[in-house]
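Next come two complexes built around chain A: one with chain B, the other with chain C.
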Partner chain A sequence: MGTKTLRPTIPCFLFGCADLCDRARVPFTTRASKKSLRSMKGLCLTLEPATVMEADVHKMSVPLENGSLAPVDRLRSERSDSPTPGLVEGTEPGAGQDSAMFVHAQSFEDLTAEGEQGQEQEEVQEEEEGESERAPEFGELGDSEETQEPEGKEEQEQEERENEKEEEDQSGSGRAKEEDVNSEAWRRHRKHVFVLSEAGKPIYSRYGTEEALSSTMGVMMALVSFVEAEKNIIRSIHADGYKVVFLRKSPLVLVGVSRCRQSERELTRELLYIYYQIISLLTLTQLNHIFQHKQNYDLRRLLAGSEHLTDNLLRLLDRDPGLLLSAVTCLPLASSSRDVISSSLQAAKAKSLVFSILLAGSRLVTLVRKKDQFLHHMDLHLLFNLVGSSSSFREGEGWTPICLPKFNMAGFFHAHISYLEPASELCLILVSTDREDFFNLSDCKRRFLERLRRRSSYQALQEAVQAPSYPVSQVGIPELRHFVYKSKSSGLYTSPEIPVPYKCEEEEERLMDLYQYLHSRMHHPTRPLRSIYHCAEKENLLAYVTSGFELYLCFSPLGTKALAVSAVNKLLKWIRKEEDRLFILNPQTY
Partner chain B sequence: MSGHRVDAKVVMLGKESVGKTSLVERFVHHRFLVGPYQNTIGAAFVARQVQVGDKVVTLGIWDTAGSERYEAMSRIYYRGAKAAIVCYDLTDSSSFLRVKFWVKELQNCEEHCKIYLCGTKNDLVENDRSMRQVDYHDVQDFADEIKAQLFETSSKTGSNVDELFQKVAEDFNNTAFQIITGEKGVDLGQKKNDYFYSCCHH
Partner chain C sequence: MLMISPRMATGVQDKQYTPSLLSFFIYNPKFGPREGEEEKKILFYHPSEVEKNEKIRNVGLCEAIVQFTRTFCPSKPAKSLHTQKNRQFFYEPEEHFWIVMVVRNPMVEKPNREGKPPTVEYQEEEILDTVYGAVLQQCYSMYKLFNGTFGRAMEAGGVELLTQKLEKFFYRYLQTLHLHSCDLLDVFGGISFFPLDKMTYLKIQSFVNRVEESLRLIKYTAFLYNDQLIWSGLEQEDMRILYKYLTTSLFPRHSEPELAGRDSPLRPEVAGNLLHYGRFLTGPTNLKDPDAKFRFPRIFVSAGDGCEELHLIVYKAMSAAVCFMISASVELNREFCEQLDGLVGPQLTLLASDICEQYNINRRISGPDKEPQFKFIYFNHMNLAEKSTIHMRKTASVSLTSVHPDLMKILGDINCDFARVDEDEEIIVKAMTDYWVVGKKSDQRELYVILNQKNANLIEVNEEVKRLCATQFNNIFFLD
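This part shows the complex of A and B:
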């Protein structure tokens, strides 16, 4: 192993290695740099015994929180307009009327104990939920916390961000593939993601070419297998302000290296997204088959051309609140128009059709599904990403195999993807089980479009697509700059357009960073919070979670805590009033 | 896979980034998009009408993705195709190796499919002769051997693109006529076998 060449890239790996070797008294790396190793402080390894099962397996039948989007079949009480509506799941503003549109389609993998790492996370969050139900009154804060950010830190981060920006500008193109992996610029990226095979072969790197990183990836694999030899699983390494997170999904290994404030768990979740992205192109069956046949297969051959999908997904993970909140946002549209569109889509059905999805950019217009079949928000995000990162579907009618990993990891669906009109943002995705059914689905689209064109709703829809989303000022809360509200039972979220102070890319990302930070605090595995008031350098934020909804608010620095607390009720009332427009309340099935 | 609104199914095959999509784009929309390379996902379908004499032939063109990932799927795209346009990049000799693969595949699975070889990016070669990596005469020999036709096109300038598709439509028109006249003589048992074969195979 080339110790010398590796150290400058990711020093903590080596240190981690050697540290382990010391403990285990196994000669592993050269001992030459031992002295310097000792001097390295603050290194901590999180290890978890592989054999420990999660204790709460029996709790799985309970609807899962965050990301689960389980249908609520229980009878709903009257939709309330009381001062604190929606503290219980299913009655919050934005909750669907009959049943949820998506669900945590529990695949076999989810139900087996070792399947999903996210599983145990969801359980922890579930406990959280229970806790908040016990203390529903906002204000009596058992778990509430107020934080004042040390200014220095923020400044430093800001500076780093700027540096990075500059460097990116210098490097020119968005996909900085040809970047020198030994350069300072490469090391300074905020978040690296690597995917490798169990043989240590590089499959994907966010920055720099995979070839140049093959030795680094070799070290990563060595670390993973070294820890595994002792019947442990390596989860993360924390050192020098960096978090190195490992996700082992045989036959792949995913590694994230980050120096932002996101928690280890959030990073793992992001890696899981990347894993699912790869599965969606290949299916797990094919992936396993390939590596069973040839352990050192170069998977890049099969993934050729998909790098930009992964790149774009990583960008979305940095920027899109939907991926953070495990929710989808809708195009604001009068419910009467939306219902007409839904029923037109519903009428244009075919035997093999499972889901019909109409998108406006990255916003959902409507989704019609086969009875008893639910789409998981992760799968939907993967579809969004597929459509959003490729102009390929503008050429004609697209027909592509796609695996929806949360639905079923083993097989392909076949998606008919096309834009309603050549220059339109409206994209129709028809997901079918039959790969021979292209012309049938093509006909479905034609029928849908014909039906829609005869109705005035099409005009309304086109206007809604053209119009900007709503400004935050509509809510009428002073000092409120931005918010994100997620209805847990419907799995939908709403958010006003990004206001002026955050219009530029950098600032928008900074705002998202803050939300991400609050999100990870709220959903901390051992110390979850119900609410948090956070004074950042340039804004004040409030996050509030109940069993019914999740809410993140951003105020100007002039906002006070009292104002923020009173804003919650006001905002909930406003959302209740607008929910017909902002959410899909009448999800349809064929 | 056969649609009622399409007369002839045409499939575009070839290694990734040889310019299959650009070729279709030029033929269908008469334009050449400059910008970062975007690979096709799965396949894209477009229908276009071509005037042949006093008849109109609708070509249903399947623009397939070149990535190896979709290779196992490719059969659903070329099954029953009347014509296959197998593309290669004149400036990339490795792309011609893929042509041989596709030709073999077609000969094995779709014997009634007419093959058209298409060397793309001719404008690059015309600007700079040294760019050419695939010799015209070598390909012509290969084409004769497999009874295919050869075109060298440029989607950027549009040269030879319409001619290629025109030829595809004309050939289809002629053979379609032949099949109709020849049909009467075909023995039914033979036809059944054919059907059985394709059924089993796919």
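This part shows the complex of A and C:
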């Protein structure tokens, strides 16, 4: 606790860059101000050598050569107009034409099987650690040429974020943090999530303050280490009506307590998302570094102000089928307009640019990527979450370091984030490897906008954003209330608006809960299923999984089995007809 | 149980281990609340050779888990703990008395080259909590059937008597647990009823009444044929566990004489008494033996608020078995047993051949058995009636099922889904092996059907199940 005295009284952004680099050698634990997250990020900038990122870029293309992830080019003529469930993977409605955008897991199983990939990452990380020793000098070299403005811009932006955080802290009662952790209301929450360090120190709790829960978290850690002492691993505890799931991701421990129908594995995957969310702010290298230096470091000092990101991610996990399905949904848009937008984005490239992503709220408009570089949908969801939970990007152009953990756990990318117009839902994310590139990317955005405005597509895009998504009645299947369709090869899904019976928050979450239940039964690790038909008092459900797609349908209780069987074919035909609009069929690369 | 599956042409073999019992213990946290006294909490521990400190540690973990979950729900603490290597099941049958069963996950051992130790892979998703949770509860019920509650032993002789009783009972009982063959039927813990026409049923009932009338000491009677129940005067819960004991333990031990030939030396005193085939399965093996002991096992059944202690007399003639239960306060002697043998023996022999004849007639009417396209399990929560065409024969050691274990686990999964809400539901799934599995729950009844019609669609499967319901359960309404 003696370290407190070392807190800097001058905000970090006043320090010169050389100063920042100097500080890299000071143990992080000595600085504990609210600004430390930012200074941390400043540090990370200098810790990330471009060479490593490049080396990693090559690594990423390795699995593609194995052939499994790279979709075969297909001609339009091969696509059948009336798709049948027996379709070969890659020909299902919504499958991309040339190549996929994501390093998407082929299935849920791939995603949770961490085996080889994890090892590979560890290797990378080892290399990285070697690099980080030298990193400060690397940074110093760059300092001499560094222009002050981008730095200033960044500081300004971060200052804005800081302000926003403070605002949020003030309105923090909205987080319901103050509740009594011994109350019945606290116990009754549908899903609790706790993050702690291996020393048992609280890092995050969804409900209730970390202070009030510190003894509970201490017990959690004690249970984890007790079982580990027997050379065993604790997975979960089950009781009537709820389960407790443990996820050990050194140096962190994550615990979820859920009253939902989702399986232990689904809950573990959600905890993994939370873990990646924290990694995206710090990188694993930094995180390890911190805890190597001081085992009982209070990580909340670094993450102060980022809780709303985790809160928001948890809300997404409860509501967004994309996170469940490992997929992303698109803004419905005529393919001609989308192609123009994609090519405009493609033309506005820069050397350091890796991904250009245009979002409309939480829906993807288009994504352009560097050749051979793929974005993992988990990383994309983290970007969605970053944009969706901060209003500061509306104020101007944002420039923020972000680690995309599925791409590389060890390094930072730099994201240029801005809305096309202040009041618009359209948000552009330009992901670069170069931290000095703010002006370049700002210029990319300008060029993109210019190009876009010269065409009529911009008008079409704006109209599409204004228009509501489609109602399920458009499909024309009686008794069908809602569905979710995922094309496996493109990693994209489509789903109509939430219908009336599920409009309120509680019912919407119940619907998601049902989908989660179906999903976990379909993707059981040892007893997977081809289909489930579930008939109960409130609704009838059908889930159907083939090598090409996953389909989840929700019917009113009046729907019959015969109707459900015919609905699958009818729906597939409809999606095929609409696929130009609902999916991104021509993903572009620079 | 160890199964060896050859791995391709390499000659190296993977060893597959089925789930097995790692430990089983009973503790009461109130018995050693102070530090240094933890050992006093432990009332029973299997395997007993485990070192004292390890016992204390394992009990400590269970206490911690239970206490920890009370943070989230004070009234519903943990029921199971999943770890990579094993699963632990917790059960508190009486206040502060906890029974814990630790089951090792099934695992595959892959040999490594050059003398390296083999790699072990645990299969963490194979064990169903509901099945083993039910097995644990059954352990307690069986103890209670023969010993009464833990509280009763505590009142009678304190911790010392209780630990003695636990030791004596569980030492043998745990050896009869066959964890690898547990499945959905253990969750139901149902009773198989013998199908019978009205006339024969009435004959049995009047037989029971006559015997109870002549031998006033008899408090309760139960009548079984072919290991299936026909009539019982006991409470349902008591009959459920007694039925389990009779069919998985007592009857299998005494089945040999009937199977043996007429002249076989195994065949007991039948030759000496040609009037009937009756004999005692509990108590004296030979009434003519001057040294015969007239001691019967004692059982405890519920009566009003408490429980009552009874003698359990099991008497059998051919395939018919009758249980007579008499208050334990009465001393049973040779005279009574001879009276019972003389009264029941001839009548039961006659009745048994009547039932057999009737059964054969019914079988002929319903036509020859042809291998149907489906197999099913039916269970009724209201009368505990259970019927399975999946299990060829269920004995204590092996449960012979005619379907793949994975399909049995899918049935278990569907059963878990049904248990979540108390409403009528139907679930139809198609497994990766293209088998269809249908689960229906309606008005306290559950039906599970496995269909081997790979090319059928949902509608055809539905039609097939409807036909099955019409022939097998024509008066039961199932949600369509």
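Structure notes:
Going forward, the second predicted complex is superposed on the first by the 438 of 590 C-alpha atoms of A that agree within 3 Å, B and C clash if a C-alpha of one lies under 4 Å from a C-alpha of the other, contacts with A are read in each partner's own complex, and residues count from 1 in each chain.
Operating definition for what follows: a residue touches a chain if its C-beta (ideal position, glycine included) is under 8 Å from a C-beta of that chain, and two chains touch if they have at least 3 such contacts.
The shown structure was predicted, so the numbers you read here are calculated from the model rather than taken from an experiment.
Residue contacts after overlaying the shared chain place A:Y533 against chain C, while chain B stays out of touching range. Applying the stated contact rule after C-alpha superposition, one finds that A:F393 touches chain B and leaves chain C untouched.
Of the two partner chains placed by the overlay, only chain C lies in contact with A:K561; chain B stays clear of it. When the two complexes are overlaid on their common chain A, residue A:F549 makes contact with neither chain B nor chain C.
When the two complexes are overlaid on their common chain A, residue A:Y493 makes contact with neither chain B nor chain C. Considering which of chain B and chain C touches more of chain A, the answer is C.
Looking at the shared chain after the overlay, A:Y515 reaches neither chain B nor chain C. No residue of chain A contacts both chain B in one complex and chain C in the other. Residues of chain A touching chain B in their complex: 281-282, 301-306, 386, 390-393, 395-402, 415, 435-436, 438-439, 442. Within the complex formed with chain C, the residues of chain A that make contact are 187, 192, 216, 219-220, 222-223, 226-227, 232-242, 244, 257, 261, 264, 517, 521, 524-537, 561-562, 564-565.
Taken in their complex, chain B has these residues touching chain A: 1-4, 16, 21, 24-25, 28, 38-46, 61, 63, 65-70, 73, 76. Put simply, chain C touches chain A in their complex at residues 61, 64-65, 68-69, 71-73, 76-86, 123-126, 129, 406, 409-410, 413, 417, 420-421, 423-432, 434, 457-459, 462, 479.
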